[in-house]
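Attaching a single structure in structure tokens format; questions to follow.
The letters A, B, C and D name the chains in turn, as written, and every chain counts its residues from 1.
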Amino acid sequence: MILEDRFEARIGEGDFIEAKDWMPDHYRKTLVRQISQHAHSEIVGMLPEGNWLTRAPTLKRKTILLAKVQDEAGHGLYLYSAAETLGTSRDQMLEALHSGKAKYSSIFNYPTLTWADVGAIGWLVDGAAIMNQVPICRCSYGPYARAMIRICREESFHQRQGFESLLTMMQKGTQAQKDMVQDAVNRWWWPSIMMFGPPDDQSPNTAQSMRWGIKRVSNDELRQKFVDAAVEQAKVLGVIPPDPDLKWNEDRQHYDFGTIDWAEFFQVIAGNGPCNRERLAARVDAWDDGAWVREAALAHARKQEQAHKEAA
Amino acid sequence: MILEDRFEARIGEGDFIEAKDWMPDHYRKTLVRQISQHAHSEIVGMLPEGNWLTRAPTLKRKTILLAKVQDEAGHGLYLYSAAETLGTSRDQMLEALHSGKAKYSSIFNYPTLTWADVGAIGWLVDGAAIMNQVPICRCSYGPYARAMIRICREESFHQRQGFESLLTMMQKGTQAQKDMVQDAVNRWWWPSIMMFGPPDDQSPNTAQSMRWGIKRVSNDELRQKFVDAAVEQAKVLGVIPPDPDLKWNEDRQHYDFGTIDWAEFFQVIAGNGPCNRERLAARVDAWDDGAWVREAALAHARKQEQAHKEAA
Amino acid sequence: MQASIQVSQAPAVQYLLRIGDTALILAQRLAEWSGHAPVLEEDIALSNMALDLVGQARAVLTHAGQLEGSGYDEDQLAFLRDERDYRNVTLVELPRGDFAVTVLRNAMVATFFKLLWTQLATSSDAELAGIAGKAVKEARYHQQHAADWLVRLADGTDESRRRVEKAVMQLWHYNTELFADDAVDEHAHATGLGPRWGDLKEAWTAEMTELFAAGGLTVPAEVAFLATGKRGTHSEHMGFLLAEMQHLQRAFPGGVW
Amino acid sequence: MQASIQVSQAPAVQYLLRIGDTALILAQRLAEWSGHAPVLEEDIALSNMALDLVGQARAVLTHAGQLEGSGYDEDQLAFLRDERDYRNVTLVELPRGDFAVTVLRNAMVATFFKLLWTQLATSSDAELAGIAGKAVKEARYHQQHAADWLVRLADGTDESRRRVEKAVMQLWHYNTELFADDAVDEHAHATGLGPRWGDLKEAWTAEMTELFAAGGLTVPAEVAFLATGKRGTHSEHMGFLLAEMQHLQRAFPGGVW
């Protein structure tokens, strides 16, 4: 128990836990689950936006989108690496993703139906992601916290680009474009709000995670913060959030908002969202179709190694 | 030799030879080669036009094109059946196509680059095909002649539709459409003229085929007839054939035309046309991808048969 | 010409668009087989079905345009709407897939269309009833053709069986959309324009169950998944299909074809 | 906005369009890999190459627009030409294919671009020379990356070897187009704008031969096939690629993005 006491003490003092440090099994497991889920979200998250790469309307927008999707792959890479420091290999994590055992962010089970969806994802989804992730930069596990610092910086950049893309259409675009933006906001608003997870009183892992410094702020707190910010941004854009109950509450100094359709949230989590099967199938197909490439690389490396040995 | 004499006599009298009749081996071989080559041309010929089925600009044009491509498949079917009466199975003929041993009309190795190409194929390529094929309706082999009667009727219909489609664009269309039509004519004019095959003095099989009543009119005669007709049609359309040497010859009562680039013709025949490899690959892929379907149908038929036997 | 048109949300118009678009988009997918089918006979059969479906789409879209009242013709409706204004069920816009996917989808859609056209033959809308009278015969043939193949593939080889079962996994859960009623259905029902699609569910399920039984296939359990194409929220495949289908109309404004 | 633009046939403009379009269309094909690559590292590498190529295309098309004189910007040139006015070589518009096809094509194109940009760095056109200075470094990296993979795949397993050899059969004969000179090349050569592409053939063949040798691959014999994309006569794949790429610009006339 001395190990565990020392661990708890370090957490208490706000020290980082590092890969080589002793840690409780459950802490390790919780982290692997969370980090790999986050990594999976990055790579599955490439798909809805990647869907528009070949159709981006200008070369500038194509450049921005390519860079963003590339960044997401990069985030996936850091995060898998961070999780690997905890003793689980990338292949093991991918196997869990492909078999449906591991989760990824439910938001990516919604389709991108128009170009404005790309902007809406940047503004709302990345916006919500950042709210979720900034506190993780102070997470107790060092490798994760450090990965998150870099990721958050890039995410903010993406969020601003998404917002700017919508703003351009709303301020300079045609009526058809403005309608397209409003339609995208109508579809992405609620799913984004759901990204913070179930209400605090129904969130099973929150308490322990908070105590361990893996989680720093509760779901509902983050959600409120997000709504407060997003409503103001919507005003700048000139779009109307699809929530008739949105109203500034002078007492709380926050926006009140409508009832969240948690049934939808749990349906999507359960695998019945619009794109769950297709997202997973796309990842599994990429992995299966690429098997011969990975095998070839491995075979070549072995042959090289063998040749070096024989030469020595 | 009595059989052969009788055969020659019937040909001489203009009688049809039927499947069950005795015929010289070389006659049979020549016919199988020609009919199967014609059948292959129909099914490879589905590809360049089929390329525009999903992009036809109006529902009426989509209907016409679908019907036309379907007719081509039908023609393929009659022709394979006609050839089968000579003792070669469809699978054997397809095997010869897929292995590159059998030929198909070289014209289908050119790509369809714009919608106007669909019209130009109807007008020029089907026009040339009809010139080639009408005499075959009087071919000495009965099953082939009968298949050709039906085919020629449908081809004339296709030819008129192609012409009408170009005429609509030339008479009612925008300048961009007129340019598209002229461009298509520029690309399809010469290849169509080459469809009649090499000049008579370089056409190795002509003499024997004429004697046997498989061929009725020589390549150069047909070519001249085609040019004479096409030039007049071009005037109606308002397009300019890409041949500066085209000129009415009062003495001959025919149009003189420029020198044909036979080097190009033989390059395409040799496999180096723009689409030779892709056309063949498309057919081979369709065949290979469909193998499991054909096997399933066969297996099911066998099981059914077995069940019937057992029930009996 | 090239900018998108806006179409009335009137329920009768929407009801017709659901029918016309479903036929049109399935035809688009079937046309992809032309020249690439497993046997020549199927090149012919699939092109023929596509032809029938385009014919149905033309009749229904033309009529929808008349009801709509802005003077749109079949081509403006077919080629110049934004994706969000297409009303086909999602099932028909999914990629062509292999022959098993095509056969199963044809069986699902043709069975549905046969039931629908049968009811529409007595529509209070005489024009629609007329269209239905012809279309029901076509749908019957499409159903028979697909059913024959489905049994053949289910019974044939291990490989064909595996593929059919995979197709079932892929497509079956899109059927619920067909029968998810809303105000458009209620309006059609109330005015005698046509049946609530949900009212066809029992008969459809019975026919499909029988067909599956003939192939020794298991009807999957129902899941909570609900596609929403007929309300204008499509799958990600739709945008690519439309970019291709609309290209000439969009790129040659004012063109006459 | 949505109708097609007409571009000057001036040889300098055409020379630039050949470069810009080749970069643009290859980027379009590489972008298809994003999210679907065999390993995450390749998702990143292929997106990165696509990014470099779009960057090169933007610089070159912008400059082409300035020379052209009608005031077209990079987007009008990239999105609003008819297919027959795109000047990329055919090789880059062929379908993405499997990873072996992608790797081989990248090796062929990057080797070509490396040699071209090296020469263009001393172009009489200072703007083009400036673009080349940056681009040559990118092309060098693209070449190295493709070369490493080509050797890896050629040497790896029987399956990877088979696929590489198939890719060679599929792509190699498209190389002749790169080096088939015409008046555009002569003009560029005479004015010091850039090399006749044909003059790069020897060096290209030497580098590719070396690379093939490293993988134990045989350089195929030359055939008479000559693709003609850079003169505007493309393969049938190009129309589909453009329908997709241009869709938003065509469907939202007057849009600001």
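Going forward, contacts are C-beta pairs under 8 Å (C-beta built on N, C-alpha and C of every residue); 3 or more make two chains touch, one makes a residue touch a chain.
Here's who's who by UniProt: C, D = Phenylacetate-CoA oxygenase subunit PaaC.
Here the structure is a predicted model, which means the values were calculated and not measured.
The set of chains in contact with chain C as well as chain D comprises A, B. Taking the CA centroid of chain C as reference, the farthest chain centroid is that of D.
Should one ask which of B-D and A-D has more C-beta pairs in contact, the pair is A-D.
Inter-chain centre distance (chain A to chain B, centres taken as mean C-alpha positions): 57 Å. One finds 36 Å separating the Cα centroids of chain A and chain C.
Across the assembly, chain D contributes residues 3-4, 82, 239, 243-244, 247, 252-253 that each touch 2 or more other chains.
Across the assembly, chain A contributes residues 55, 176 that each touch 2 or more other chains. Under the stated contact rule, the graph of chain-to-chain touches falls outside the line, ring, star and complete shapes.
Chain pairs that touch one another: A-C, A-D, B-C, B-D, C-D. Those residues of chain D that touch chain A in the complex are listed here as 24, 27-28, 31-32, 34-44, 47-48, 50-51, 54-55, 57-58, 61, 74-75, 78-79, 98-99, 151-153, 155-157, 159-160, 163, 241, 244-245, 247-249, 252-257. In the complex of the two chains, the chain D residues touching chain B come out as 3-4, 82-84, 170, 223-228, 233-236, 238-239, 243. Against chain D, in their complex, chain A makes its touches with residues 43, 46-47, 50, 53-63, 66-67, 69-70, 73-74, 76-77, 80, 115, 165, 168-169, 172-174, 176-177, 282, 285-287, 289-300, 303.
For chain B in complex with chain D, the residues that touch the partner chain are 48, 51, 55, 111-114, 176, 180, 183, 187, 267, 270, 272-275, 277-278. In the complex of the two chains, the chain D residues touching chain C come out as 2-4, 82, 239-240, 242-244, 246-247, 250-253.
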